[in-house]
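The structure's right below; bear with me while I get my questions together.
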Amino acid sequence: MSSRRLFFNEAIARALAEEMEREDKLVVLGQDVGAYGGAYKEFAGLYERFGAQRVRDTPVAEAATIGIALGAAAAGLRTLVSITYMDFLILGLEPLVNYAAKARYKTGGAVRVPAVVKTTAGAKGQGVAHAQCIESWLMGVPGLKVVAPSNPADAYGLLKTSLREEGPVVFVDHKRLFSTAGEVPETNEVSMPLGKAAIVRPGTDVTLAAHSYAVRIAVEAAERLEPAGVSCEVIDLRTLAPLDVESIGESVARTRALVTLEEGQPACGVGSEVAFRVRERLDVGIRVARVAARPAPVSSNAVLEAEVLPDAARVVETTLTLLEGR
Amino acid sequence: MSSRRLFFNEAIARALAEEMEREDKLVVLGQDVGAYGGAYKEFAGLYERFGAQRVRDTPVAEAATIGIALGAAAAGLRTLVSITYMDFLILGLEPLVNYAAKARYKTGGAVRVPAVVKTTAGAKGQGVAHAQCIESWLMGVPGLKVVAPSNPADAYGLLKTSLREEGPVVFVDHKRLFSTAGEVPETNEVSMPLGKAAIVRPGTDVTLAAHSYAVRIAVEAAERLEPAGVSCEVIDLRTLAPLDVESIGESVARTRALVTLEEGQPACGVGSEVAFRVRERLDVGIRVARVAARPAPVSSNAVLEAEVLPDAARVVETTLTLLEGR
Amino acid sequence: MPDRPDPVDLLRSMLLIRKFEEALAFQPDRGFQLLSSGEEAVAVGVCAALDDRDQLLSSGRSIGPALARGIEPHLVMAELLGKISGPNRGKGGRGHLASPDDGFFGAHAVVGGNLSIAAGVSLAAQLEGRGAVVACIFGDGACGAGALHETLNIAALWKLPLIFVCDNNGFSISTPVARGVAAERLSDLAIPFGIPRRTVDGMDVFAVYEAAREFADVARRGDGPGFLECRSERFASHSTSTRETRSNEELAAARERCPILHLGARLEADGTLDAAGRSALEKDVEELVSRAIRFSGEAPRPSPDDALSDVV
Amino acid sequence: MPDRPDPVDLLRSMLLIRKFEEALAFQPDRGFQLLSSGEEAVAVGVCAALDDRDQLLSSGRSIGPALARGIEPHLVMAELLGKISGPNRGKGGRGHLASPDDGFFGAHAVVGGNLSIAAGVSLAAQLEGRGAVVACIFGDGACGAGALHETLNIAALWKLPLIFVCDNNGFSISTPVARGVAAERLSDLAIPFGIPRRTVDGMDVFAVYEAAREFADVARRGDGPGFLECRSERFASHSTSTRETRSNEELAAARERCPILHLGARLEADGTLDAAGRSALEKDVEELVSRAIRFSGEAPRPSPDDALSDVV
């Protein structure tokens, strides 16, 4: 299949453009998503092409904006609502968690909410309230799907799939990913199911499991560990809910060691869940460690940000310690 | 020390009355906390005793109410803000997570927020949006302490301690606990530190770790397992952040088996964190299982509610399966 | 939709709500309920202004709105009592009752939580372009919530076909409206956004109907939202398990304003409905209610397996 | 507090903000900044109405407010550049700068997030009973947020000593206020709550001062909050890393309204400040700014260990 090199933000814009072309009922809402094209130009071109009715700038009112997107989807539209940063998603969790996630259940199937809530996680110099990764909160909400791609091809594929789901999906991207490039297949087909992790680097000694931007850190760590004689298998979770425990489990069954990596906090994080589920599945003893943010807010201060965020050096160190005396 | 039998709601009211007596700057805010005395009478008598300035009914505006309580605490008062149900705490997480939890850090120590956010978790026939237990979300927020007592004495002791903390504390109680009774020491002293779990029932074969109402379920399960020859040690976590990993770890080091129990969802839940931390600490292999809500919303429907919530029978079954072929 | 609803139909509809709730109160396993008795005229008046295309959303005080919108009483009763024959298979109950096919998009037990959802439903209606409107009933308590502000603003900016119906029964649980909302008239909350507003006697079903009809017409024409405050009385305590905070005198004064009493007297006085007609009407309604009780009594509860269906 | 502030002081304060930001823009490691250039008169006018007991809170556009409140420029610069000598040890930065001892309770980078916090600070002031007031500066963008409604309502109910200062610079990032808020005048948002309101020219520091002073006096007397809308212009793009969306003509028109230009001309015209006085003033200010740059340049960054201090 032929492919084209796109930036992550371009992959999002392309997926949206194709899906809006295909589905008249798909409407995009969010702050500065219109003529401005989004904080990271990930909506570039949509307003010009589909107009102000279908690409709607909203006031700074995250709660109502999400509620409106969900209500509209429940009533027959399909919607994608953009929440600039995941920190502000907190303002609009009420309709997402109390209404949309439960709508199908509580109505006994009478109402479904085919909406995508797209939001940007991660730290990049903007300080304590523009930096958080709280995707783990959403993993424990029955009725929500949670997607967190690490590269343009997955962003494209998973967004298209998400936009065709029958229930609410939270699509989490990352500030540091928008300007990364990658090959994206030249196809309009939807062929990337939710709930499938990917082995992005095969290896034999340890499995590194990560999602979103942290996958790049994991790969970097794997490259650094190779000369030290440690062969890392890097797994990109891609979807956090449903979680592809099977693929991670298969990998760990081979490597017998798991290091989870995430940019968010460790406590009740993605890593603790992955670790629990994998161990539950395997009947052999495995070594497990997790790497995550240190337990502090993420300051805009470059020194402090770098210290709190996980990096390849910490993954290397943790992995070496874990494998010590193998 | 002499003690008196109190209901859980009375223990809360007593702790508050004593602390308000001692500290003029302590103010209580929330819906129907005034003359009405709170949804569960847990504020009974305070309004009559301390007046409308210090016991303030608020509009249905969880976000601003929490923000005001936090801002007032930051500016020199001490506040307790009541959020009737934890489901509505979602509406006011923004100031709690983005402001209060980070205030001390982001100001380099210039601002502290000695506030208690009290809220009621758990299901009791009121349906999908009046039933949730999301305390695990808060465990991953640096800067927050999270307390979740299971009995009147702990509610009394931990609330008093929380009201004297220098930073924000979330105090989680439970609908089914208010009408439970227990002995509460007749002392005005504060002697119950945060971060200390309690062994509420000693045992040798397996450690059951739970918090809040689930502790009662754990004890019930332990009683049922005894005739089957399984001796359970029940640990009441009492504080979720900080988490007393040391005590749990010591217990599990002896029993070599851990079953976590919580009413909330399993994914990224309290149990997964407890399990991770305990395993990280011990250098021996242990058996671990978790019991939590089944992955669905909790309906007001009695049949469905009972099916989704964890109960003693599931704890018994899980424990027996875990210990099989010991 | 007829230009003016039949007053006897309105009376029937209000009577149905009242008698339905009286019967419900006698059901042993009725659980936690919020009753609409006293506030029937709000739901019935608003629904008289809606047609088949339209959708209604309510707060957790949903029984009146659901019945007024025409969902069959036996189905409502089954849902409230947790039976599988309810429109939501007994999963939603009172707090989340929904039947979009009947034009009742649903209740939402989070105060103020229905507002932005309703605006979304009205956005879908607007883009569909069939002239449908959406009405959203919320309480005076919800007027303290930021959700109202955000939704009013966007509804005004986007000229959404949405009727904000504030059922002001004077209380949010124990808190009187004067201590919950600083606005003198709750409809004043619409002023800044340039949204047309009315405050009417919520115990007068015609006053409610006429104002709702006016806003529905405006919205259908594409001229955007309206804000209708209906001043009503709640006859019972906040919920079936909440302590009453009003004195007997206050309660008696509230019950004096009974919308059924007043409309009944008026129809008798002007000869529209004589004693015989009235008792036939009552019998009809009682029959419906008995059938609802019978049906829901016989209907099965869900099985435990249903707990895990329709999740994702 | 003098009954009327010295106009030369106001000019100096505005000039300081302008020159401070010009210097900041040249710092290589300045990071992500939101500048107040063009909006100086809002912060300076409001601060002229506050005294030592009072507290100010701002949005993430905090540089003007912090300097206007009198935090030493070298300390502000150190904080913005992430140095340990800043009032927040370099942890807060522009988005969360705070110095309560200087009467600047703090910036908060969440739009609308400072409103309820400010109301809480004003509740503490009210209960303390020393007549202190709190001013909270927020943008036009924040007027779409539910936080404003909830806070206005409670402030009105409780008569909090709080001045809501809306710095309406016409835009929320790329969104013009007319598409963000349906209210014709943003101060109309106060109407339903019975809160006194004013809309003034935010480029005229005296107009801002006088209205702020009036509301401060009201609040100090115990008569509750006020809402002051100041219509201003932002001279740069939303942030130092945001694309500009206005045309050159629009920008030029905005800059025509420069508050410093106008006050300078006026003071020259009426003889208050002659050319020599003006250049002395400029030199003073430049000296302060150079010192700030020097000081912050030499100040150390935090060490990685500081990342884990002051968390709980």
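Read from first to last, the chains carry the letters A, B, C and D; within each, the first residue is number 1.
The rule is short, and it goes like this: contacts are C-beta pairs under 8 Å (C-beta built on N, C-alpha and C of every residue); 3 or more make two chains touch, one makes a residue touch a chain.
All of these numbers come straight from a predicted model, not from anything done at the bench.
Common neighbours of chain B and chain C under the contact definition above: A, D.
Set against the C-alpha centre of chain C, every other chain centre is closer than that of D. Chain A and chain C have CA centres that are 40 Å apart. One finds 46 Å separating the Cα centroids of chain C and chain D.
Taking each chain's centre as the mean of its C-alpha atoms, chain A lies 30 Å from chain B.
Across the assembly, chain D contributes residues 90-92, 96, 108, 110, 113, 144-147, 150, 153-154, 157, 179-181, 311 that each touch 2 or more other chains. Across the assembly, chain A contributes residues 59, 61, 63-64, 87, 94, 98, 102, 105-106, 127-129, 142-143, 295-297, 299 that each touch 2 or more other chains.
Chain contacts here are complete: no pair of chains fails to touch.
Across the complex, chain D is touched by residues 25, 27, 53, 56, 58-59, 61, 63-77, 79, 94-95, 98-99, 102, 104-111, 142-145, 167 of chain B. By the touch criterion given at the top, residues 63, 87, 90-91, 93-94, 97-98, 101-102, 105-106, 127-129, 132, 134, 136-137, 139-143, 241, 243, 264-273, 275-276, 279-280, 285, 288-290, 295-297, 299 of chain B touch chain A in their complex.
Across the complex, chain A is touched by residues 55, 86-92, 96, 98-101, 105-106, 108, 110, 113, 115-121, 123-125, 127-128, 146-147, 150-151, 153-154, 157-158, 310-312 of chain C. On chain A, the positions that touch chain D within their shared complex are 31-32, 34-36, 39, 57, 59-61, 63-64, 87-88, 125-130, 294-297, 299-304, 306-308.
Those residues of chain C lying in contact with chain D across their complex are 144-150, 152-154, 156-157, 179-184, 188-189, 191-195.
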